[in-house]
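Lettered A, B, C and D in written order, each chain numbered from 1.
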Amino acid sequence: MIRIGVIGYGYWGPNLVRNCFEAKEAQVACVSDLREDRLALLNNRYPTVKTTRDFRELIEDPSIDAVAIATPVSTHYDLALKALQEGKHVLVEKPLASDTTQVQHLMDVAQKRNLVLMVDHTFVYTGSVRKIRELVETGGLGEIYYYDSVRVNLGLFQHDVNVLWDLAVHDLSIMDYVLPFRPCAVSATGLNHVPGGTENIAYLTLFFEGNLIAHIHANWLAPVKLRRTLIGASRKMIVYDDLDQAEKIKVYDKGITLNNHQNPEKLYQMLVGYRTGDMLAPQIDGTEALRREIDHFLHCIRQHEEPITGGSAGLRVVEILQAASQSMAQRGRPVELRLTTLEATA
Amino acid sequence: MIRIGVIGYGYWGPNLVRNCFEAKEAQVACVSDLREDRLALLNNRYPTVKTTRDFRELIEDPSIDAVAIATPVSTHYDLALKALQEGKHVLVEKPLASDTTQVQHLMDVAQKRNLVLMVDHTFVYTGSVRKIRELVETGGLGEIYYYDSVRVNLGLFQHDVNVLWDLAVHDLSIMDYVLPFRPCAVSATGLNHVPGGTENIAYLTLFFEGNLIAHIHANWLAPVKLRRTLIGASRKMIVYDDLDQAEKIKVYDKGITLNNHQNPEKLYQMLVGYRTGDMLAPQIDGTEALRREIDHFLHCIRQHEEPITGGSAGLRVVEILQAASQSMAQRGRPVELRLTTLEATA
Amino acid sequence: MIRIGVIGYGYWGPNLVRNCFEAKEAQVACVSDLREDRLALLNNRYPTVKTTRDFRELIEDPSIDAVAIATPVSTHYDLALKALQEGKHVLVEKPLASDTTQVQHLMDVAQKRNLVLMVDHTFVYTGSVRKIRELVETGGLGEIYYYDSVRVNLGLFQHDVNVLWDLAVHDLSIMDYVLPFRPCAVSATGLNHVPGGTENIAYLTLFFEGNLIAHIHANWLAPVKLRRTLIGASRKMIVYDDLDQAEKIKVYDKGITLNNHQNPEKLYQMLVGYRTGDMLAPQIDGTEALRREIDHFLHCIRQHEEPITGGSAGLRVVEILQAASQSMAQRGRPVELRLTTLEATA
Amino acid sequence: MIRIGVIGYGYWGPNLVRNCFEAKEAQVACVSDLREDRLALLNNRYPTVKTTRDFRELIEDPSIDAVAIATPVSTHYDLALKALQEGKHVLVEKPLASDTTQVQHLMDVAQKRNLVLMVDHTFVYTGSVRKIRELVETGGLGEIYYYDSVRVNLGLFQHDVNVLWDLAVHDLSIMDYVLPFRPCAVSATGLNHVPGGTENIAYLTLFFEGNLIAHIHANWLAPVKLRRTLIGASRKMIVYDDLDQAEKIKVYDKGITLNNHQNPEKLYQMLVGYRTGDMLAPQIDGTEALRREIDHFLHCIRQHEEPITGGSAGLRVVEILQAASQSMAQRGRPVELRLTTLEATA
């Protein structure tokens, strides 16, 4: 039985607690939050769980094996560092930390102490995203041309990060999991409409070495909720609509055909043909992502394994977010991704 | 009765011919196309219309008052110039020409000869776009925050222009008509997936002086057809879905509220409130846009008026497209719009 | 504080327990179910609640004030009767009992002992249905012409009642609440596809004295889930789609106009005009229906009031279901509703 | 070249004329209509076609081989009969005539004179319906359980027939084509809301000998347009939505499983299992139905063949409509179909 402490019982914390509660090999030992009313709510639902307003009490409790952190982004680094230093395995809500230096330090500490460091890239554990990865790997999509995502709704405005760090982080973590390539540069644009706030609408383009481009539209100020991703490829194309209860993934047997005519005088437009066939909506495993993720966290702790969404995945995503913020401040001026380049040349 | 000649009977030409045919004060005098089979098709439907493979025959015909041009973009300038030089009023399919120099020259010639020069910014003449303009002007939207459009489908790949010049041009012409501000700079990204082709997927951000940002996603290689625009504003927000047969325009009484707390220690997120109310889908006038547009063209000819979508509108749109192509070649580096700046300083 | 016992912890029971748990003036004292595994599940979530496999233990517990029954329909009467006889207020899942004689007996016992008897017509307590009633009463719909509902999905097949008793009961309870008239006869058709089973697909028409007709399609064997009601009226029309997360109620300013021409030779079709205007989707109160319903139950107990969905409402719905089953056995032969007739003649 | 005369240039006539015009082996020789303005409209579009206000002129023209009739239902019989008597092949808009006696007489005359008599059951010629028939025949649907169709919209109110004769006739013609069984009885309900009018809302159940039931909801007074058919079967299920431009047909790998337990004490509900798998939307041939239908008419004339939608199909559909009108007048009392019974006993 792995004993887990949860820091933060705001928006996401209750989901963590509920899923830890229902996991067979875990026990929720303690929950901390600064707000008494949040703790009272927890006590009502789970009278047997210990609560505290001081996270140190939780982190320093020697009976606790692992800590799950669901607090504002700006506090991730400090809390995760202290928990690692106390010898706890750590699961941090996305994004892992506020910059790549922080992430790299957390990774170092975790590695030296042989602890699991995992980031809560929730979507990676959904049946939909796992199906997309399966389709990319074996589904005959052909060459991937683009990845385009729209993730917009009204609120919740964050106060310590812009909308890319809050919403686009989901898309970046999905891409990190399903795409076989890493981006080499980004261009981002956006705007803030709240005095003293951060960008609440943003557009992010990711450039890759080859024939691939990616783009994300993230928006806290949209009249409708949209969660739709288009994946274009040479043989098949995917539409992933996370709000479609019945058919989240649709695979279209559609595309263009290119004819290699010898005669250069032939019109170019003759060379592009359009191909359209059946559409298949595969059945998706509906297991709650967080349930699968908690199980994976517990598994990695027991087996001393690196999680699918470990420090490296967290680092790659944070690097993109950092570069995007830089580009956005300069109206889309492209910014190169150095870690990727280093990886490629290593 | 105004006698009209139509050059080009490909994709758009038949719509022009049909609408000119049904307009009470116009007469389709002649249609030219390089392809015999296209002319045969026309002859079958309209046995009384004269046809020719040589556009000069049409342009030089003294009995013809006006010429409508529906040919590839790269030919617009030459054809429009010759027609103006022959004293014809001219309606050119969008975009008006290939660069701002060409547009300015056409405008000069038209002005000197007192002829109508009009660009076929079709959407400006739809009931939906006119309703949006009405809502912007008098509908209590409040301050406009963003304009976001997605215009994607499979095909038709153009051979002489990229996807921005083919699809985003519609959104630019709509914005030019409904927004009370002009963009001052652009950042664009995109990619071409066809050897020897132009960008078939592109993203374009438009920057404005104030609190407004605009963005367009244009794509010839999408598995589904989407035509959706979100307009965010301080009091109400609009969703314009051109493919929704029943409710093209939805006006949401939604937004955020900002509380001016005196206490600076209060959390920022407390300051942003979310407001949600009724949604209204106003009835839209379903008159075919091209029908209304042809009537406006005829009206401007008779009354010697400048069309709503005259040379100036065409020039503004072409300048943005030119700047976007430049930016796209440099991975999103921002490019300023000079004409707008000149206008503003003039 | 009103102490509540819940009988049955299958599909609906957990919702009852959760909402009673969160109601301020109620306390879940005991839950009974025949299945150990269901009680174990409850114990895991609510360690403080007493459980038993013997419902008598619960019913006879003098510390319990009220009993909520969420068991198969065929057991409703016996359980409710025993609970009333033990002096408990009773809330019974829909439908109230298996026939009108049972319902009338329950009503008699409750009245004599001055106890609240309420049926769980859940939809009556949703924001959507309350909005519809408001629109019918004051929204200018005009004369109501028809009420048409489709309620289909795959499963769950019930073993003791047919699909009308399981699904159409929702529509009948909604109609009972929102329509100003009572039906006078029914015609029903349906079929059973499972050996030994009950009708899993059924169609029910309700006739009214005046210009109104109602129809329900209920189906356990549909490939898609649909929950859509059309309400036609002389001035406005309503579409109520319970699966539309954003816009459950749409009010269409649409209809026909009838011209009273003097000239009888005029063609009839000239007399019918079509009128179409704006569509309004009013904001809907999203409070969970069961939460509001439990509060109403508690209120009626404290104030000795008759619930909105008391015995009379339950009786009217059960009478229709009984008549529908009779009609269905005779391929749609119409069956009159006697209670309604008695009411009318009384 | 087959020379065709078209009687009636109202709502449907223009589609007939256009498709005959574009058919290679046909020639539109003459069009008749009582209204001058309709003929003027035709003359404007097709200046070469002869027009007349007197249908006799058309029918008696010896140069005309075939006549297409697109007039109100009540005139079908007289016009078709006269045309056949003049030796013309005849295509009649649906439904073929006003009662079975009329249809049988038309069939007799056509047979004696060796002429083609065809009814315009348009949907039979759509790619969607042909795909459904293919799926029923070879697509592994298993045993068909039900056919459920909703066909509603606002208008057009007909003056000489009720809504079943106008809208449900489409569904009946589709069922006649795709289902391997014939109905044996009907029950119908409906209501008229216009003084002096016919039923504008109607529900029709069709009973079959075996495990199959069918139902149609037809409505001229609906706030939204719906065209959706559900086909339930033992192995797969179909949703056919004629308004879905991209995916008109969806085939769901869904259903129930029945376990043949030996133990009779096992609960019934244990016996029903739910099976859910992928959904496939097959590509649909988008050829205009009327184009394919006209070609079939011409083919039958040349080859002296019985059309797919000949007199027999027309007769079966009219018999159902007649029985439905009888049942509707008696609030759903079931009415047997005699022709079907005769067929079965023959």
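Simple rule for what comes next: a residue touches a chain if its C-beta (ideal position, glycine included) is under 8 Å from a C-beta of that chain, and two chains touch if they have at least 3 such contacts.
Being a predicted model, the structure only gives us computed values, none of them experimental.
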Between A-D and B-D, which chain pair is linked by the larger number of C-beta contacts?
A-D
State the chain with the largest centre-to-centre distance from chain B, centres being mean CA positions.
C
Based only on mean CA positions, could you tell me how far chain C sits from chain D in angstrom?
37
What whole-Å value do you get for the distance between chain B and chain D if each is reduced to the mean of its CA atoms?
42
Rounded to a whole Å, what is the gap between the Cα centroids of chain A and chain D?
52
Residues touching two or more other chains, restricted to chain D: which are they?
224, 246, 276
Residue numbers of chain A touching chain C in their complex, please.
47-48, 224-225, 243, 245-246
The answer for chain A against chain B in the complex is residues 145-146, 148, 150, 152, 154-159, 185, 187, 189-191, 193-197, 201, 203, 205, 207, 211-213, 215, 217, 219, 221-224, 230, 232, 234, 237-239, 250, 252, 254-256, 258, 267-269, 271-272, 274, 276, 327, 330-334
Footprint of chain B on chain C - complex, ascending
246-247, 253, 276-283
